[in-house]
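Take a look at the structures listed below.
Shared chain: chain A. Partners: chain B in the first complex, chain C in the second.
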Partner chain A sequence: MGKYIIKRILYMIPMLFCVILVIFLIMNLTPGDPASNILPITTQQSVKDAYNASVGYTGPLGLRFLNYLKGLFSGNILSYTTRENIFGELAIRFPITLRVGLIGFLLAAIIGVSLGILSAVKQYSFVDTALTVVAVFFGSVPAFLIATAGVLLFSVRLGVLPSFGLNAGIKSYIMPVAALTISGIPVISRMTRSSMLSALNQDYIRTARAKGCSERRVIWNHALKNASLPIITLLLTGFAGVLGGSVIVEQIFSLPGIGLYMLQAMNAKNVPVVMTCALLLAFIFMVAMVLMDIFFALIDPKIRARYK
Partner chain B sequence: MREKKLKETIQATRTRSMARDVVKRFFRNKAAVFGLIVILVVLFFIIFANVIAPKELVTAYDVRARMAGPSAEHLFGTDNIGRDTFARIVHGTRITVGIGVGATLLSLVLGAILAAVCALFRKADMVIMRIVDVWNCIPAILLALVLLAVFGGSVGNLIATLAIVNIPGFTARIRSVLLNIVEQDYIQAARISGTGTGRLVLRHILPNAVNTIIVDATMTISAMMLSAAGLSFIGMGVSPPSPEWGAMLNYATEYYRTNPMLLIIPGAAVVITALAINLFGDGLRDALDPKSLK
Partner chain C sequence: MTNTTDNGPLLEVRNLSVDFRIDRKTILHAVREVSFTVGSGETLGILGESGCGKSVTCMSILQLNPARTTIYPAGEILFEGKDLLRISPKEMQHIRGNRVSMIFQEPMTAMNPLYTIGTQLMEAVRLHRPGIAKAEARELVLEAIASVRIPNPDRIFDTYPFALSGGMLQRCMIAMAMLARPKLLICDEPTTALDVTIQAQVLELMNELKEKEKTSIIFVTHDLGVINEMADRVMVMYGGRKCEEGETAEVFLHPAHPYTKGLIASHPSPDYTGRRLPTIPGGVPSLKDMPKGCPFNNRCSLATEKCAGTFPEYREISEDHLAGCFALEQQGENHGRV
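Up next is the complex of A and B:
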């Protein structure tokens, strides 16, 4: 088991390497250069060339890539625009993204899974129908529209929540988190419902009931445990969705997180910033994936047996 | 001769009754029928956009009627420079839904080819799946944003970008459907009786996989459409003055306070279309599933 976990974690390294390589190639092999994006349009070509040379956007690709890696390992990557080490900036911005994304995801997961279980247990009841209708509807409303509707209602009409920035303390987090949560719930709850239903229809559930298990035990121990594999796979997809959604939500509410930083850097062709942000997001995603695999191995004896 | 005719008759009744069953099951589902009706209206908009509202109206502005509310002349009102919102929505349908369908078809074809190669050739499977793994590790939105930032957000680029982002998902999902089928006994039987690879794929594997893939693709259209609108909304996709719905929303955010109608109409258009496609897809899945025979 321990060997499996270590193998799984080591496997992340080549994957992350591939991710930065892909982003690096896209950023460096495509038309456009930092100077043209950052300096005024009227700037002379010679000045532009000098600027590109000074930030390190010249020379052979391989060397540039090595320089980036060197910077990454020594913890010193300079932004093309500010010429400062971007790790300081990331240390301020990362917690904001993590707070919005993680809270949004956890709320969506908890509420979504609970509603899904409720729906499945009370199949075809009024609650189930109502939940399904609501889930189908909100499944078609993307996070950015929920955020916009929220701004329209709570900022413009009622004036109780701020429409942008982080100046109002916890209040500024309510709408961004809610937008992510609401857009995340429908998929999770519908998937939970269907995998719970297929688990509840199995013979071992009838056996459990027949031998006198309490209904609670049947649902939580027998059905949920068997339904949890597809649910967890889905939660991972949901996590990726929330992570992506947080980039859009940060843009809508002007939250100074990783997403907004990366978006601005993309427009300025600020390669090191884009690469580092991408690396960070990919890293979070991969950690989630490894955790999922480990959880699978813990919960599923079939998988566990393979790695004894 | 007679035998052949008999065979054909049996074949004909069989296919007809299967199709009839599916249609019957589909039309029993009210939500799915609602979805179908909305989709037909959307298709009508797409085909007859120029008849419903002249193309000039998309950019032509009526200075006398700026920020007008809904009226007989301007069904959905006008924006801040007096452009007719209804005409823009109708013409925007072509762009937004077109991007959704285009990106889905492109990624479906490429994904299906990759998946078929994976399912049939074990060695290629290893290689392709490793690439798909890496591809999947780059969060979709990230790749989309990077590509759009460097290539610029035009309709073509948006379709290509969304397709690129979507290929690994399709490849993985179709591959698992195909692998499931390939492991069935009847495929073994067909192989043993000497069926060639081409015939095996076309006659034995594809017909059994096609239902799942159609439903998957339907749902993907709405997801792609929403992504396209979202990207345009944050200014990375198609930009205003294009009547793409996300671009219209992006433009409307400046008029939050003065003219919320500008936000509500394209927002509703996006949601209703996506909802209709999802309901249709749900209904299709239930109708195509022989286990739901009632």
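Up next is the complex of A and C:
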């Protein structure tokens, strides 16, 4: 197993290289250039060319790619727009995304999984039906609507929470976190419900009951563990996604997180920022995948046996 | 621990009916007014085609039918003097796997795939003896694994179910069921999923354990050969009803109910050569369109209008041999013996 994990981690290096290469090609081969995206439309071509040259968006592609790699390894890549070191900017922005994402997602995971289990155990009861209706409602309403409704209610009407920014301490985190949590719960709870239901219908659950297990033991020790593989898949991919920054939530609440950072960089054709962010997201995603494999092996002996 | 009195049967099922509520309007009658007894050390075979209510009857004893949809409109299941239909869930958990154990049809899926055999057997021990030391429990489990004639119990203890064959798993299930030395073992088609040689080994093993532990057994199957080998008494079920009941040899030699006759006639015997085997025309109707009266009336060659009205009273064919069929009344003195 240890050997397998090391192998998986080593595989990440060529995969990350491919990610950089692909993003680099997409960013450089598509039409448009930083100067046209940033400077006023009336700017003379000579000024634009000078601007592009000054940020490094000139010369042969291979050389530009090498320059980026050099910057990456020396820890010093300049953003086209701010001319600041991207790693410095990320160091400010990533923790914001991490805080909102981590808290929001953990809450969504805990609440979603609990509600899913409750729904499955009380299948077709009033509780289950009510939870289904609520889940379908919040699952169908886009996250930005929920967020906007929150702003209208708590900022405009009641005036208890700030509508944007991070200047009000813990208060400014409440709505973004809540928006993430609420949009995360429906998917997680529905998924938990269906995997719990299929686990509860298995023969070994009947065996567990027949040998005298209490209902609680049947649910927690026998059903949940078997239901956990799809749930873990959903949680880890969802979590990796959230760490990439929820663009919508960051946009609505004007949080200087990584999602907004990347969006703005794309609009400005800020190639190094887009590439670095994409690299970071790819890295997070790959780590999540390795973690998933480890969890799977820990839970399922059949998978564990394959790695031996 | 309650002691069974010597004269009363270990298990007495009286007038058991089981319904399934499918939705607000639909209620299906899976089992109708079934009564039977199992004495101490006795093996009762329950015989019938698929969908006859055999399994549902057995599951009712330990209340393992799906709790949400199952209704028990009438009847009593008396085990050691207690009505299992009216005890608390807690009391039921104390009986399951302890006083009454059960093994199932599909050994390959009956064990939790994520725990070792040892863990699952240990769980069974510790559920009913919460205070037991781990080492002592492990000793018990290893002994139980050895008693079902599995070589290297130590190795099996740490093996996961996916690494074992169906026969091995069924042995493990039997070992688990016998851990607490139950008074009653319910076997729901335990050998149906196994191939014939393994089936014979498992049956032999069960007979051996039964001799040793004096356990009463309820053995559900659709296989007449297995019943013949295992059961002291047999109950034939059709459409959720008991049609015939009696000592195995007596029922097999002198079947009274047309359904039992049909079943026996369609079973190949060694001296049967040449002609095609007779069959019972038609198939078991689904619970949704079970005929009124005697459920067998639409497949029975002796059926009259009367059969579609009510289910007949049971008639005594000979001592401890009952059958429920209107045709028996006409045959009168003959008692259905042809």
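Here is the rule we use: the second predicted complex is superposed on the first by the 301 of 308 C-alpha atoms of A that agree within 3 Å, B and C clash if a C-alpha of one lies under 4 Å from a C-alpha of the other, contacts with A are read in each partner's own complex, and residues count from 1 in each chain.
We take it that contacts are C-beta pairs under 8 Å (C-beta built on N, C-alpha and C of every residue); 3 or more make two chains touch, one makes a residue touch a chain.
The structure displayed is predicted, hence computed values, not measured ones.
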{"item": "Simultaneous placement of chain C and chain B on chain A, clash or fit", "value": "fit"}
{"item": "Following superposition on chain A: angle at chain A, chain B versus chain C, Cα, nearest 10°", "value": "70"}
{"item": "Touched partner set for A:A179, first chain B, second chain C, both or neither", "value": "neither"}
{"item": "Which superposed partner A:A35 touches (first chain B, second chain C, both, neither)", "value": "neither"}
{"item": "Contacts of A:L263 with chain B and chain C, given as first, second, both or neither", "value": "first"}
{"item": "When both partners are placed on the shared chain, which of chain B and chain C touches more of chain A", "value": "B"}
{"item": "First (chain B), second (chain C), both or neither touched by A:D203", "value": "second"}
{"item": "Touching partner for A:S214 - first (chain B), second (chain C), both, neither", "value": "second"}
{"item": "Which of chain B and chain C A:L102 touches, first, second, both or neither", "value": "neither"}
{"item": "First (chain B), second (chain C), both or neither touched by A:L281", "value": "first"}
{"item": "First (chain B), second (chain C), both or neither touched by A:V242", "value": "neither"}
{"item": "Touched partner set for A:K225, first chain B, second chain C, both or neither", "value": "second"}
{"item": "Smallest separation of CA atoms, chain C relative to chain B, angstrom", "value": "8"}
{"item": "Interface residues of chain A shared between complexes with chain B and chain C", "value": "none"}
{"item": "Chain B-facing residues of chain A, complex", "value": "15-16, 18-19, 22-23, 26-27, 30-32, 136-137, 139-145, 148-149, 151-152, 156, 163, 240, 243-245, 247-248, 251-252, 262-263, 266-267, 269, 274, 278, 281-282, 285-286, 289"}
{"item": "Of all residues in chain B, those that touch chain A in their complex", "value": "31, 133-134, 137-142, 145-147, 149-151, 222, 226-227, 229-230, 233-236, 249, 253, 256-257, 260, 263-264, 267, 270-271, 274-275, 278-279, 282"}
{"item": "Of all residues in chain C, those that touch chain A in their complex", "value": "62, 64, 68, 89, 93-98, 101-102, 104, 106, 109-114, 116, 123-124, 127-128, 160, 162-163, 173, 176-177"}
{"item": "Touching residues on chain A, where the partner in the complex is chain C", "value": "123-124, 202-204, 206-215, 222, 225-226, 299-302, 305"}
